[in-house]
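Have a look at the structure that comes next, please.
When the chains are written out, they are named A, B and C in that same order, and each has its own residue count from 1.
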Amino acid sequence: MTTATTNDFDGPSTDASAAALRAALRPRRFGALYVLEHRLRAARQAWTSFVFPALGTPVLYLFAMGLGLGSLIRQGSGSVDGVSYLVFVAPALLTAAAFQTASEEFIFPIRVGFKWNPIFFGMNAAPLSPGQIIDGNVLATSVRVVLNGLVYFALMALFGAVPSGWGVLSVLAALLTALSFGGPLCAYIASLDKEASQETLVLRFVVMPLTLFSGTYFPLALMPVYLQWIGWISPLWHGTQLARDLTYGAGEPGWLVAVHLAYLVATFVVGWQLARRIAGKRLNK
Amino acid sequence: MPTPVITATDLVKRFGDFDAVKGISFEVAPGESFGLLGPNGAGKSTTMRMVGAVSPRTGGELSILGLDPNRYGPEIRSQLGVVPQSDNLDVELPVLQNLIVYGRYFGLPRALVKQRAGELLEFAQLTDKAKTKIDDLSGGMKRRLTIARALINDPRILLLDEPTTGLDPQARHILWDRLFRLKEQGTTLVLTTHYMDEAEQLCDRLVVVDKGQIMAEGSPASLIRRYSSREVVELRFGSARNASAAEQLAGVGERIEVLPDRVLIYADDGERALEAVRGRGLEAITSLVRRSSLEDVFLRLTGRSLIE
Amino acid sequence: MSAVEASVRAEGRSSRWLGSVFAGNPGAVMSRSWLATRSTNWLVVASGFLEPVLYLLSLGVGLGTLIGTVDTGGRQVSYAAFIAPALLATSAMNGAVMDSTFNVFFKLNFGKLYEGMLATPLGPLDVALGEILMALLRGALYGLAFMGVMAAVGLTLSWTALLALPALLIIAFGFASLGMGVVSFMKTFTQLDWIFFVLLPMFLLSSTFFPITVYPPAVRIVIECLPLWHGIELVRGLTTGVITPALLWHVVYFAGMVAVGLVLATTRLKALFLK
C-alpha cells in the first residue's frame, strides 16, 4: 500500500499489516478471558468483600430462616410442600443469593466501566471488542455465582437441608437465575448515560419486589392471584422452582420444568445479545 | 517517501445532523511526529477515535498500517498505544496492576507483561509508586501512567489526545521530556493539542484543523513562514481605544489584527514597526515585540484565537 | 440544643472544649441537606417508604398463612401484627445508618463539603448534629407513613402505638450518631462492607421474624445485647399494647447509644478537620 488506500483489500499488504494480523490472533480468540482476568484481579484487591459474604450470608440465612422461622412454622402448619421448612426454603435461599449477586454485579461494575471509571473505553482502545467486554463481565459474575453457590450448597448439606444427591445441580439453577435476570439488567445498565439514581430505582422497584414475591419464603400459591403474576415473570421464581425440583423433588410436571428452563435461557440470551449490541454502539460510536 | 503508517483520504464523520469531520486527508510516515492543532470542537478527538479504530467512519477512506479499521479493529489496536483525553485508569487497581492488566488485554504473556510493566514504571518515573492507589496520584503522575500503559504493547503508533491539558507547567515539561525520548527511539507519535507551544515542541509536521476541516499543513516553522511574519508587535491601548488606535496605524507593518484586548502588528522587523507607531504619536499602555507563533497562524487562517 | 449548651456552660472546664466544636447552628447544616434532598429524584425518596410495606405484604400474607398467630409477651397476635413493628424499627435503623454512614462517607472522603463548612463558624458538632437531625426527620416521615399503613390494615392494636413515633426517633438517633462516629474511621469502600456485615445478622436474628424464645439461652443473651433487638421490642410493645416496665430499659439503652455516638462523632470530626 502506498498513498491512496482502497478499502476492499483482503489482508496483509505490508510487513506492518502482517504483524498486526499476527498480534491480534490471541485477543480475537481469548479477549473475554482477559476481561475476566481483570475482574478477578480487581476482586483480589478487595477479597474480603467477596469471601465474607460468601461464607457468612448462607450461615445466617439458613440459621435464621431455615431453623428459627422453621421452628415457628412447625408449630403452625407443620410441613410445607410436603417437606420441612428448612428443606423447602434452603434451595430458594440459594437462588435468591445468586439473584442478589447478579443484581449487584450487573449494576455496579457495568455502570462503572461505561461511566464512573470508564475502563471499558480503555479495554476497547486495546484490541478487545465491545462484545468481549460484555462476555468477560458475564463470565466474571458466573464464576462468582457458581463459587458462592457451591459454598452455599455445602452449608445446606451441613444443615441437613438436601435430601437428594442431585441437589448439587441446584447450583446450576442458581447460575441460570443470575444470568436470566443479569442479561436484561446488563443491557439496561449499559444503555444508561445520565445520572438519575437509576441504580437505586432498579434495586428498590425491581430487585426488591422480585425478591419478595417470587415464592422464596412460602409457596407462590399462597399469594393472592393479583400478586402471583410477579412470580411468573420473575427469573427468581423459575430458578427457585428448578432448584426445589433438584434438591427435594418438588414434584412439578415435566412441562412446567421445561417452561422454567426455557424462560431462564431465553431471557438470558435476549438480554445478553442486546447488551453486546448496546456496548458496541456505545464504545464504537 | 516510506510507506505511510496512516493514510486518511476525504475522511468524514457525521453524528446525526452534525458533521464532526468534513473530509480531511493526511498521511503519517513511520517515525514521524504528527500533530492536529485546533480549538476545542474542531474534530480532532473524533479523528483520533477513527484512527484508533474505535469509531467507524461515515465516509472517505482510512488505512492504518495498511489495514482498514472497519474490518481489522483488533489487529490495528494491537499495534497502537492510546492516551485518551481524560484518564481512564482503573481506580480499583494499584499502579503496577493497571499496567499488567492492560498488557493482558493484548494477549501478551504474563511474564513479558510483568517485565515491561517494571521498565515502563521506570520510564514514567513511578517506580516507587508501584503499589499506590490511582486516586492518590497527582494529575501529572496519572498522565505519565496512562502513557506508560499505552506503551505496554510496544506500539508502532502512539496516539495522544490532548496529552498535557490540565497539567501544571512543571508536569507538562516532565511529560514532554518523556515524549521526546519516545520520538528519539523512533515511535510514531500522533497528537492533538490546542496548545501552540506543545505543537511547536513536539511535532515534525502538523495540520491546523477548524470546524472539521484542514486549514493548512506543514512543519511548525514553515507554517509560521507561510502564514505569518517573522515578528509580531502586541500593543494594548485599553479595550475602549484598541479599534480607533488601529485605524491610525494603517500601513505600519505587513498586516494588522485587532483583537478585543490588543492590537497585533505583523512585521519582519518588530522594533522598526514599534518606532513607526511612536512616530505617529500613539503611546500604548504596554507594548511587546515577539517572534511569530502558531497562534498567529491560526488567527490568520480562521480569524479567531485558539484558546477562547 | 440549648439544654446541652446550658449544662455545658455550667461546667467551665468542658465549655471550652465544646466551644471549639459547636457554634449552636446545626440548622444551617440541616437546611443545606434539605435543599440537597429536594434536588434528588422524588421516586428515590418515595421508594424508601416502599420497602417495609412490600415486606409486610409479602411476609405478612405469605408466611402469615403458614404460621397463624404468635405469642408476644403473653398475648397472641397475628403474624403480620408481629412483624410490622419489627419492620418499622428496622427501617428506622436502615435509614439512619445509610444516611449517617454511606452519605457521610462520601462527603468525608470525596466531596469537600465538610471542609468548606468547617471553614465557616460552624463546628464539627454542628455538622454532626445537623446531618443526624436531618436523617431523623426523613426517618420520622417514613415511620409516620408506615404507621399509617399499619393503622389502615388494623395492625396497630393499642392507642400506645402513637408513642411508637417518638420511640422510632430515639432509635434512629442512636443508630445515626453511632454510625457517624464509626464511619469517620473508615477510609475505603471495602471497609463500608462491614456495615452490612453488622446490619444483616441484626436484621435476621433480633426477633424480627420470630420470637427469640426459639433460641437456646446462650444465643438469647447475645441477641439481647444488640441495639436492634431493643428497638424492635420497644416498638412492638407499643403497637401491640403489651406495656411492661422493660420498655423503659430499651429507652435507656438508646439514650446511652446517642450519648456515646455523639461524643465519638464530634471527637472524630474535630480530629479530622480541626488539626
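As a convention for this text, a contact is a pair of C-beta atoms (placed from the backbone, for glycine too) under 8 Å apart; a residue touches a chain by one contact, two chains touch by 3 or more.
This is a predicted model, so every value here is computed, not measured.
Shown here, the protein chains touch in a chain-like sequence that does not close on itself.
Here the chain at the heart of the shown protein, by mean C-alpha position, is A.
Centre to centre, using the average C-alpha position, chain A and chain B are separated by 44 Å. The centroid of the Cα atoms in chain A and the matching centroid in chain C are 33 Å apart. Averaged C-alpha coordinates give centres for chain B and chain C that are 55 Å from one another.
Annotation for chain A: residues touching 2 or more other chains are 46.
Chain B meets chain A in the complex at residues 3-5, 7, 9, 15, 27, 49, 52, 54-56, 61-63, 65-68, 70, 72-80, 82, 84, 88-94, 97, 100-102, 104-107, 149, 153, 156.
For chain A in complex with chain B, the residues that touch the partner chain are 1-7, 9, 12-14, 16-17, 19-21, 23-28, 30-31, 34-35, 37-38, 41-42, 45-46, 117-119, 121-129, 283-285. The part of chain C that touches chain A in the complex is made up of residues 40-41, 43-44, 47-48, 50-51, 54-55, 57-59, 61-63, 65-68, 70, 189-190, 193, 196-197, 200-201, 204-205, 209-211, 214-215. Residues 46, 48-49, 52-53, 56-57, 60-61, 63-65, 67-69, 71-73, 75-77, 80, 85, 196-197, 200-201, 204-205, 208-209, 212-213, 217-218, 222-224, 227 of chain A are the ones touching chain C in the complex.
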